[in-house]
Every structure is written in C-alpha cells, then in structure tokens.
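Structure incoming, see below.
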Amino acid sequence: MLKKKQCIAMLLAGGQGSRLGILTVNMAKPAIPYGGKYRIIDFPLSNCTNSAIDVVGVLTQYQPLELNAYIGSGSPWDLDLAHGGVYVLPPYVKGKQGEWYSGTANAIYQNVAFIEQFSPEYVLILSGDHIYKMDYNAMLAYHIEKGADATIAVREVPWEEASRFGIMNTNADNIVEEFDEKPKQPKNNKASMGVYIFSWDKLRAYLCEDAGDPGSSNDFGKNIIPNMLRDQQKLYAYDFEGYWKDVGTIESLWEANMDLLNMPMPIDLYDKRWRIYGRNPGVAPHYIAEGAIAKSCLITEGCEVYGRVEHSVLFAGVQVMEGASVIDSVIMPNAVIQSGARVRRAIVAEGAIIGAGAKVGEDTGNIAVVGQNVKLAAGAVVAAGEQRVQ
Amino acid sequence: MLKKKQCIAMLLAGGQGSRLGILTVNMAKPAIPYGGKYRIIDFPLSNCTNSAIDVVGVLTQYQPLELNAYIGSGSPWDLDLAHGGVYVLPPYVKGKQGEWYSGTANAIYQNVAFIEQFSPEYVLILSGDHIYKMDYNAMLAYHIEKGADATIAVREVPWEEASRFGIMNTNADNIVEEFDEKPKQPKNNKASMGVYIFSWDKLRAYLCEDAGDPGSSNDFGKNIIPNMLRDQQKLYAYDFEGYWKDVGTIESLWEANMDLLNMPMPIDLYDKRWRIYGRNPGVAPHYIAEGAIAKSCLITEGCEVYGRVEHSVLFAGVQVMEGASVIDSVIMPNAVIQSGARVRRAIVAEGAIIGAGAKVGEDTGNIAVVGQNVKLAAGAVVAAGEQRVQ
Amino acid sequence: MAMKNVMGIIYTGEKDSYLRELTLMRAIAALPVAGRYRVIDFLVSGMVNSGIKNVGVIMQKNYHSLMDHLGSGKEWDLHGKNDGLYILPPFLTRENVGVYSGSLDALHSNFGYIRRSKQEYVLLCNSLIVFNANFNEMMDAHQRSGADVTMMYSRNPDLRRAENGTYFEIDAEGIITDVEIDPTRPRHENTSMEVFLLRKDLLMDLVDRGAAHGYHDIMRDVFQRMIRDAGMRVRGYAYEDVCYRMDSVQSYFKFNMDVLDRTVRHALFDEAKPVYTKVRDEMPARYQDNARVHNTMVADGCIVDGHVEHSMLFRGVRIAKGAQIRNCVIMQDSVIEEGVTLENCILDKQAVIKRGGKLIGPNTYPIVISKDMTI
Amino acid sequence: MAMKNVMGIIYTGEKDSYLRELTLMRAIAALPVAGRYRVIDFLVSGMVNSGIKNVGVIMQKNYHSLMDHLGSGKEWDLHGKNDGLYILPPFLTRENVGVYSGSLDALHSNFGYIRRSKQEYVLLCNSLIVFNANFNEMMDAHQRSGADVTMMYSRNPDLRRAENGTYFEIDAEGIITDVEIDPTRPRHENTSMEVFLLRKDLLMDLVDRGAAHGYHDIMRDVFQRMIRDAGMRVRGYAYEDVCYRMDSVQSYFKFNMDVLDRTVRHALFDEAKPVYTKVRDEMPARYQDNARVHNTMVADGCIVDGHVEHSMLFRGVRIAKGAQIRNCVIMQDSVIEEGVTLENCILDKQAVIKRGGKLIGPNTYPIVISKDMTI
C-alpha cells in the first residue's frame, strides 16, 4: 500500500565509531554534535531533503537511543510524511530468531523487504559519518544518463594520502575498472566517499549472492563492489568537488569544527538554497555580557558568555563564566565553564561542568576531551590528548 | 533535553502471536487488521491520545516492518510531536554486544534509559493484543489518589472462565493481596487486563532486581508483580467495565469482528469523543452495484460489491464480484472474491484472491483462513478450520 | 523529477452565483463532491502526484471552509518548512479591505510569494474543473514545443456553456490562434480548462505589466491580448480524460451521479494517482438488516437501514428503515428519518428530513436543501 | 491535568496605532521581540506549557504575518487533528466584508468554533502583554474560589498608562469591586492583564446576550457591567512575575532592552516553560576578528565584525567592521555596513544602513527605520 518511489535512501548509522573514544560510549557516531547546532546525521538527512529524496531508512544497531529521540518524527528535515519519510531500521526477529547486522551489506540485505515496499528503481546508500553538502539528485541523473548498474561518488584526494582510502581506478569515461582498498601504490587519487547509487534489481541480486557466501564480510567496499566488478557490471565514478570531511576521530572532529571558523567557510552553511536542518533546542538568543570577549567564534542560542571565547565553537546552552577562557575548543550543549577555568584545544562534551580554575587541554599537542556529564573538580587538570570520563 | 512528562506509556508489541497461525507469519500481532479499517495497535495508541498521554514507546522485535511502516511519524494518532510522540524501540547493541528482549519486563528494563529521558513520575505498561476503549488518565488519577506503587487494571470475568486468567485477589479496598496465575480454584474473578501503572522509581528498582536474577523469566505477571507483593508494596486493582477482547487466536479475532455487527455495538466506535484513529487508505467511498446485496455488515472505503455480503466485515479495497457471496466472514484489505466464489465463516487475509467458484469455509465448524496474498485457484476448496498458505 | 521545478497556483475566486445555496457560505473549491472530497482535492492531489512541492491557493470571499479543509497541507504532504502549501487570503490592511478585483489583481497581490518561490515554472489553475491529471506530460509538451505559454483544453462537449467559458481555436501545429470568452454561442470546440503553464519570470512580467495598466483579469486582459497581438507562442495541450465543470447546480449533480459509472469512477480514482483529502476517522459504513442499496457510493460513518438507489452518500449519513432514496446527493452527517421519500435532491451538510417527509424534484433541476436545515 | 479541559482564545485585534511604522503591516501579536520571537509566542507557549491543547487565535486586519508565523501550530505541538491551533480570520462572505467591530463581535462571529470545542473552560486573552505564565495556578484559584470569572492583573506600575488600560479595584477577599477603562489618571493600582478565565457556557451566554443587545466590547460592555451590577462573582488573580505591555514604540523598546538584564531574561526564558517560535534553521552566530560585543543578545545567523553594546540583534543581522551600535534593536536580516554609527534606533526587518551612515536618536524616543528601507 506504500507509494512507489523512484529512489530511496538507506543511511548506515549503525557504526560504533570507536575511534571517537569516550564521545561514543553512550551514543552512535551519527548523533555526535557538530558545528554549534548540528549533529553529523543532519548532513545526509538534509542532503536527502534538498535532493527531493523523501524516503530514508536509517539502519541502526549501536546505542540508537539518542539518535532515535533526535530523529523523532522527522519533522526538522521535512521527513514527517504520510507517503514516505524517515524510518529507523534496527535488526529484528524473523521466524524464530533474530540476527544482528554483520556488515554494511548485511544491514541492507536484512531490510530488502523494507525497500521493496516502495518498489524503487534506484537505491542510494549513505553513511552517517561525513560532513558534506551534495545533490544526490544530480548524481542520480548521472547514474540514469550513464545507464550504470552502480555509481560511486568519488573525490580527489592528495596523492600522498591516497593509500589511506578506497581508490577507484577509472578509465577516461569514468568507468570503474578496478577498486583498490587502501593501495600501497595508488594508481589513481579518486577516493570513494561511501555514497553509492545502485539500480535496485542489480543490488538485490548481489546482496542475495553475498548473503549466501559464508566467507563474506558482508561489506559494500570489500564484497559487493568487487563482486560487481568481477562480473563486469557497469560501475561509474561520480566526481564530487566540494567540502567532505570524515569525522571519525577526535582530531578530525575537532578539525572539522575549526574549519568553520575560516573565512570563507570551506562549507557554506549560510546558503539558503541548501539549508542544513536540525532539531532546534528552542532557547533564547545567546547573551554576551559586559566585559566578555567573543571573537573568531561560533556561538548559538541559549549560551551566556561572561568570560573569553576565541576561535571556538559553542553549542546551545553553554555557559562561560567570568574570568573563564575558551580558545581553540569545541564546547558541546549545556556544558558549563566555571569562573577562571581555562580550556585550550579541547572538546568538552554535552553537559560537562569544568570546575572553577580547572585547566583542560594545552596550547599544543593532542586534543583533550571531557566526556558527557563529567563534573570536573575546581582546579583539576586534563592534559593534552587526555580523555576524562569522570 | 527532552521535556519532562508526568506519565509515559510503554507498549509491548513484540509478541509473535503464534496462536494466530498464518496471519502472523509476516507481521507482528499488533499490526493485524481489525474492524474494517483498524489494526489492533490503533486501540492502545488512540486510548493514549484520548487520555492525553503523548509519549508512547512501542517495544518491537518480531517482524516489525509492517508495524513500523504503519506507525510512521505517528500522525494518524496526533503523535507526531516535537516534544514527545511515538517511538519504536527495538533491542539494540550496548557496549560490545546486543541482547534480544527475553520477556516483557526485560524489554522495559533494556529501555530504562529511554524512559529516563522524560523523567516521568509514572509509567503505563500496555500490550498490543486487546480491543478496548479505556481512559488511562482516569486510571492514573486513581493510582495517584490511592498513593499506589502499582495499579493493575482488572475486569470481572465469568467465574467458570476465571481459571484461564491471571486473577487478582483483592481486599475490600481493592488492594491486591495475592496474584494467582491461572488458578485451578479461583478465589476471585478479577482478571488482569495487562494494563499496569507503576510509580517509576518503584518499577525501576524491581526491574533492576529482576535483571540480576538469572532464574527469572523477566515477565511482569510471573516476576515483577509477585516480587512487589512479596515486599508488601501497595498494589491496587482498578476496575474496568467496558468491552475488552483478547484477539490472540483465530477464533477470537473472528469473534471480535463479528461483535461489531451486533446492535448496539458492544464497543461504540461512532463515539466522537473517543475516536479510534488509524492510518487512512485514502481511497474513494465504496460502491454497491445494481443487484448487489449488502446487509448486516461493515464495509469501508475502496470496496466494490457486485455480489452478496451478509454479516461480514470488509476492509478497504475489497472486491466481491458478481455472484460471489460472503457470509459470516472477515475480508482483509484488497482481497478479491471472484465471481461465484462462496466464503463462509472465514478470514481472508490482505491481498488474497479467491478464484471464481472457490469455496472457503463452511456454515459451521472452525474458522477457515486464507493467508496473505494467497491466490486460490478457481473452484478450490478450503475446509472449515483449514489454514491455506498458498 | 522536472516537476520539482514547478510551483502550482490555484485561484479560487470564480463566479459562484450559479450554484445557489451550495456556494452561499463556501467557495466552489470547497464544495463537497463524490462522497468524501472537496472540489479542490483533485487539483491539489494531481499537482502533488505530478511531483509539485509548492502550491499556493489564492482565497477570495467565503474561504473559511476551504482554509479549514486544507489545513496545514498535511494530507498532501505539503506541510514542510521547505515549500509546501501556502494559503493566500486577501490582504486586509488599514488601506485595503480585501477582496481582489480579478485574477490578475490576486496574482499581483501575491507577487512577493511568487517571487520568493524558488521554482522556475508556474502551473496556474482555476478550481472549478474537476479532473485527475498527471501534469508531467503537459510539462514535457511545453518544454519540447518551446512555447511561451501552454494552455490545457478539453474537447469534451459537456464543458461547453452558453455565455460562460473560454474557447480556443487551435491550428494544426497546436498553436492557439483565437480565444473567445463567454460567447453566447461557443464557436470553437476546445474548451479552456483554465490551466496555464509558463515560466515564472514571464508570469511575473505579465502580471506586473498588466497591473500597471490597470487590468484585472489574466485571461481576458493578458492572455487573450497575447494571442491576438502575436509575438508570443501560446499552445494548447489537449486533456483527453474525464473532466467536469462545477458551474451550476445541474453540473454539480451530474458529476456526482456520473461517478457511479464504473468508467468515470475508475478514471477519477486511479490507484496510481490517489486523491487525498482531509481524514475524518469515521468507522466503516454499517448496513443494517433492512438495507437495500443499489448503484450507490457510500462513505465511511454511514448507517443505512433503508432503500437507496443511484445515489451518493457522504460521510456519516444516516438512512432509517423504510426510507426510499433515489437519485440523491446527501452530504455529510445528514439524517433521513423513517419513511422518508427523496428523489432528485441535493442535501447539504447536516440536513435533517423528519419522519415521513417526501421531496421529489424534477430530474433536470434537483431540489437543494441547505446546510443544517430540518424539514 | 485539569488544563486539558481549558481552551485558549487569543484576541489579536488591539489598537495598534501607537506603534507607528512597526504595526503598519502587522498586528501587535506578530511584532518581533527578543531576538527571535513574536509577541504572541509567549502567550501561546504559556498556554501549551500549562497543558492547554486547543488554542484559537482571532485575527483582525494585518494578519498575514501572524498567520505565516503560527502556521499549522507545529512548533507548539498544536497541529493535531484533535484540538490544536485554530486560526480565525474575519469572515468574508457576500454580505460581510470582514473586520470585527470589537472583541465581543469577534467572539460572536466565532461562536461555532467555541461551541464545538469540547473543553469546559475558556482562557480568554488579548495579545499585547508579554509574560510567560503557567496558568495552572490561576485555574486552581478560580476553582477554589468558586468565582464566575477570574481576571488576571498585575501591580507592576510600568503597566499603567494615562488614557489607556483597564484598572481594577479589588477588596480584601480578592473580589473586583470597580473597573475603570482608559481613565486619564488611573485611580486603581491593579492593571488588568486582559486574561479572563470562566466557564465556556457562561462565556457563550454572555456573548450571545451582549451581541443580542448590540454591544461590541467584552470588557466595557459585558465584564464592566457584570461587576457593577453585581450578581456575579468576579475575582482578581495577581500575576507577580515580569510582564510588559507592547502599546507604544517606547514600551516596545524598553522591553527589548530590559531582556538584556539577567533577572528579566531568566524570568522570561525559564527552562521549565520554554517559549516556542517558528524555527529558521540558521547557522550559529559568527563573531569575526574585529568583533567587540558587550551586554547584547545575538540570535543565530548573525555575522558580527563591529562594536555592539547594549543591543538586541535578531536572526541574520550583519554588522560590518568599524560599525558602532549602541542601544539598538535590529530586526531580522538587517545589514549594517562599515563605519556606520547607530544609537537608540529600532531597525525593522531587512533594513540596510549604508557605509558611513549615522543615526543617533534620543534615548526617550528611538528612531524607527521601516522594513526593507535602505538608508
């Protein structure tokens, strides 16, 4: 009874993101706050909305609570629809037993019945790990125009970094001839972005084949794409040129936030034609007190700044008290920096309290992290690179 | 960041409902169609909406696809809210591993963190197996007035049937003194309806205790309630007098549908003050052709009746062709009864096609069932009590 | 996909005086039809099914029921922050007491909304014709032909009226070569369906220029001139499926009766392009022991215990035992008591016909019973 | 819990002429305040936070921006099928060209909506006072006292005005014993907050009787008479928290400046009773290298590179390098170019002050720059 859709999106949001350390102890990676008022998942979801793709299945299995509550009815992204919208898809029990998702391809395989409800011609596979603005609709038009079986979004990376990525070796027509996962000697610098469009009939066939192979890791990059290449299916690379950042580590999450402080911003979040939507905290505008300093920074609603904030990103409801200073740091929602505390090159997670006079992070060295709801005693010290969970 | 709620509901919708035979092969029991345009889950969800309870966690693990798509954003029940609404809660992975729900109490236990987000004072536990209209708000007022730790909704059943139920032995003040699960010699006829209100602090403590007991079945009826009685907590019975039907078997599902054909209806679904909401199929009014017969029946939108329909319930989009007859039966959405077919005392599931001249069911005996999307050949015969899956 | 780039504008300010009591308190667009719909549902659903995401509805007088019906646009998935359904009632300011003086004035008053919309094309429609179109094909034809404006028309003779309607002369290439508006005797066989497709910037230019010259009506003062004065390429696009014009009590009645015909019904209610409407959450219709119903459409919430033939019953209608209904359109929540006889009647919402009442109209001119009347 | 049984009605038809340019194209209820809100947000949010599920907003002239702002009520979770937010613009029919002649007329025109609502009580409010109430306590007081009508008042002297406002005399038992409307010199110290709580059936009876006698104003013609003629028990309920009256440019300006005060800000924006408003999805405010900002509230989407002191910046405001802003209220999307100096100004939406401009108003009478103006 569901309405037929030309293309639906499946968003892989199940990863634990363990390289993000204590930030993902209680929360799936796509729910991580970013950029002062967003969560990572806002980017693929807003891209879908702006690309007129209005069915999004979100595949979760690790700590989905925060993500579930955040997605809610889907209304912030205009995905609270009667005919489509956003669906959270955890593993479930079929017949007598249930099975957890064993890999990216397996997660999609377990939801074949979900996909079939919409009888789509194409399926867009996304991951919830990256910050970027992309018109999936343009990519779909390319996929259709080329008559491709699969289209893989790629971006050029510096040659010296190419060996860290999945590299697509393409011919002059952008047809993928070979896929090198982290090649020692890359023949190309086109790295896969983890954004795929498949013709659904083809993908379904390969998912079924893969599910029957006990030796498979059930992964798109390791199994599905190589199997399609083996069979000489038509795989095209789709070149993407804008900002794209994997925020898979503490350092890269911090960097991605700092990127927003550059002028011009490498990713334009003011663009009214391609807004990034998110759930709004619904609090008053922020307040900068007499004597406070706020420069080269992003500050959002509900913050109160009595101290000094420089080259930093403050999320909703953050308080920086008199004499406190926050420099080169990311302060997540409702954290409080008490008077005289000093925060440098740090990420302070949601609801953490940095006691009076405490010192978090250092002027150089690795990023210090204070975990969610941690109450740091007055005068405490968190060294560069340290992760404090209590 | 979620808004505090006085009381939230947790709806246990995970049951496989295996006594419903082939009807629940592809679908969880709460998603079973009922009454011409409803699904079983519409009743507890609409009761919540009408009782001003606007956070409902739906605990699923068995074949949740149909249910998930049906619930969608929650808008049919006015539960597509920014501050609350309906949340589908499957099992998930915490830390390194995941765990399926091992019982009703375990399902709630695994979602303690979900509940805590709303800091509720009370938690209403519901099941997705029953047809009834009930003001949970009145029950909550009773719970508060009595200062109870737990309140259990009960209804009086005929004494001779009491031994099939969980019986609450109460004193004159309606305090529960003893709980008899299916007593051979019942001392009372007040049967538990599977609707509980708990003071959350108390419930949480008992859930934690239960989770630590390796011998427990993690079940409300078998473990939580008896443990609370053991500790002399204040458990009250709350008397409910309206229509209440467990639709856990083929026969009872059929009966519950037939109940709606009695006048007056034992459960008033015309009541504008307590509407039962559901997802609307969005099709035209039904059409009764020249020469057709429709009497003592319920027929809804999208049906086309060219034959004879008596004492039956037709769901959306059903077609009864020329010369076909449907008597004492339940025909689920989009099923087609071809010309000359004869359906008696039967349930024909969604999308099934009964071929020309086929015979389904008999004038007496058990209910015949034709499964979802089954195409019954012309002239085929399905005997009383038979379940046909292809 | 292309239709994402088209905005829909529906002008609901048509002359409604021929519909008598039925349009006393509501716009034609809000007229209840086919058991559970309003006239405007077909157009809005057609737009949405074609992929249009931004629909503006220009309201005139009597717009309360229309506003209430459309609500936030949720039933059409037009309730987003991004695009969606825009209800455009007349401006009431200190200087202006509302009421547009014509379609051109209405468009001019909503210039800001049109300009802000990000689509490149406008599909401009009136709301008095009921049809269930997929506009993609019209858009394809428009783009292929390179026309400045494409106008939808029908060759259906039932749409032709004396002194009412717009008629096109169209040449072999599909170019509209002449337009007659409200002729006593329509000379051209192509009736305008009042559906116009053009680029947004062209529309804005035409409206701006028209308003600057003090014109009021977009068909007469702008499009007709365009066609006459040439320079612009105005093409016709033939709509071949069923369509009905709601401009008199008789045509309203005929439409409801025609829907009982299988061909018409299936053409209008096609699974591939559902017609959405406001949901009422009624229970299924109930037939009692004495019900005898033939060739009739019945909406949810009805309770029928009488005899009903060749009729249209809207949601929540009650027909008591012994009542005899023939050729009737009975709107929402009306009550027909025991022993009543009705033939060729239109009952507006919540009418009550008391026990034993008898109303038999001529089949050419049905009796209309106003909303909330008790007889 | 009890508040589920109360419907809210907000009358937005107040006199708005004292607010000059600010209310030329919008109702007072739609006036932007405190960086990201509209006046009406406080009242609607207060109702919702108190548990009210059915809110009707009676619109008068200039209601476009108000309608656009409230939308489907989604931001307040008032978008359900069951109850929710009802927008009630004036009726425009053949006979009636809209515009109510007073609050009583407006209520009478919406009699159907009031009757159909299933709540037993009505909380009737005007929209020109900004406060963030929890109405539960008022309801408790009303029910405990057995009064026929309970009227909210404030002892805050800032609400008192010459020739404007309603003032109560209240006895030791809390009974309102005298009412003065628009006196030249207010004699009673209790200013009406224009919030009335009563049973719905009583309100309907009063409105019906009042309309039948040709009265227009519910305060003057109904409530004042009730109090004078006795027979009814009309009680006062004192509101002790901060409240502001938006009835002049000065009072509008003062309100925005007072919100900068921590006590006022925290009283109005209390986590336990959030104020909801339409969301714009702007990115966080950005401070550039040359920003120097003190004692100022800044909404999302702003980009600040100049000096700003004791001011209120709404969403999307741009302040260029070298600009000097003091004591200003700058609404949404206004642009202040390099080297501009502004003091004691109110800039309406999308105003542009070009490079080097200088505007210094007296602090008793701020300069108002209209919407879309470029200077």
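Every chain is named by a letter (A, B, C and D) in the order it is written, and numbering of its residues begins at 1.
One rule holds for everything that comes next: contacts are C-beta pairs under 8 Å (C-beta built on N, C-alpha and C of every residue); 3 or more make two chains touch, one makes a residue touch a chain.
Since this is a predicted model, take the numbers as computed values, not measurements.
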| item | value |
| --- | --- |
| Chain pair, A-C or A-D, that carries the greater number of C-beta contacts | A-D |
| Of all other chains, the one whose Cα centre sits farthest from chain B | D |
| Chain A and chain C, separation of their C-alpha mean positions in angstrom | 46 |
| Length of the line joining the C-alpha centres of chain B and chain C, rounded to whole Å | 41 |
| Of all residues in chain B, the ones touching two or more other chains | 75, 80-82, 275, 277 |
| Set of chain D residues in contact with two or more other chains | 74, 79, 81, 274, 279, 281 |
| Chain C partner contacts - residues on chain A that touch it in the complex | 6, 49-50, 52, 54, 78, 80-84, 137, 141, 273, 275, 277 |
| Complex contact set, residues of chain C against chain D | 24-25, 60-64, 67, 71-74, 79, 81, 87, 89-94, 97-99, 279, 281 |
| Touching residues on chain B, where the partner in the complex is chain A | 1-2, 16, 60-65, 68-69, 72-75, 80-82, 85, 87-94, 98, 100, 113-114, 117, 281, 333-334 |
| In the complex, chain A residues that touch chain D | 35-37, 75-76, 263, 269-270, 275-278, 280, 282-301, 309, 313-314 |
| Complex interface listing, chain D residues touching chain A | 34-36, 74, 260, 265, 268-269, 274-277, 279, 281, 283-301, 312-314 |
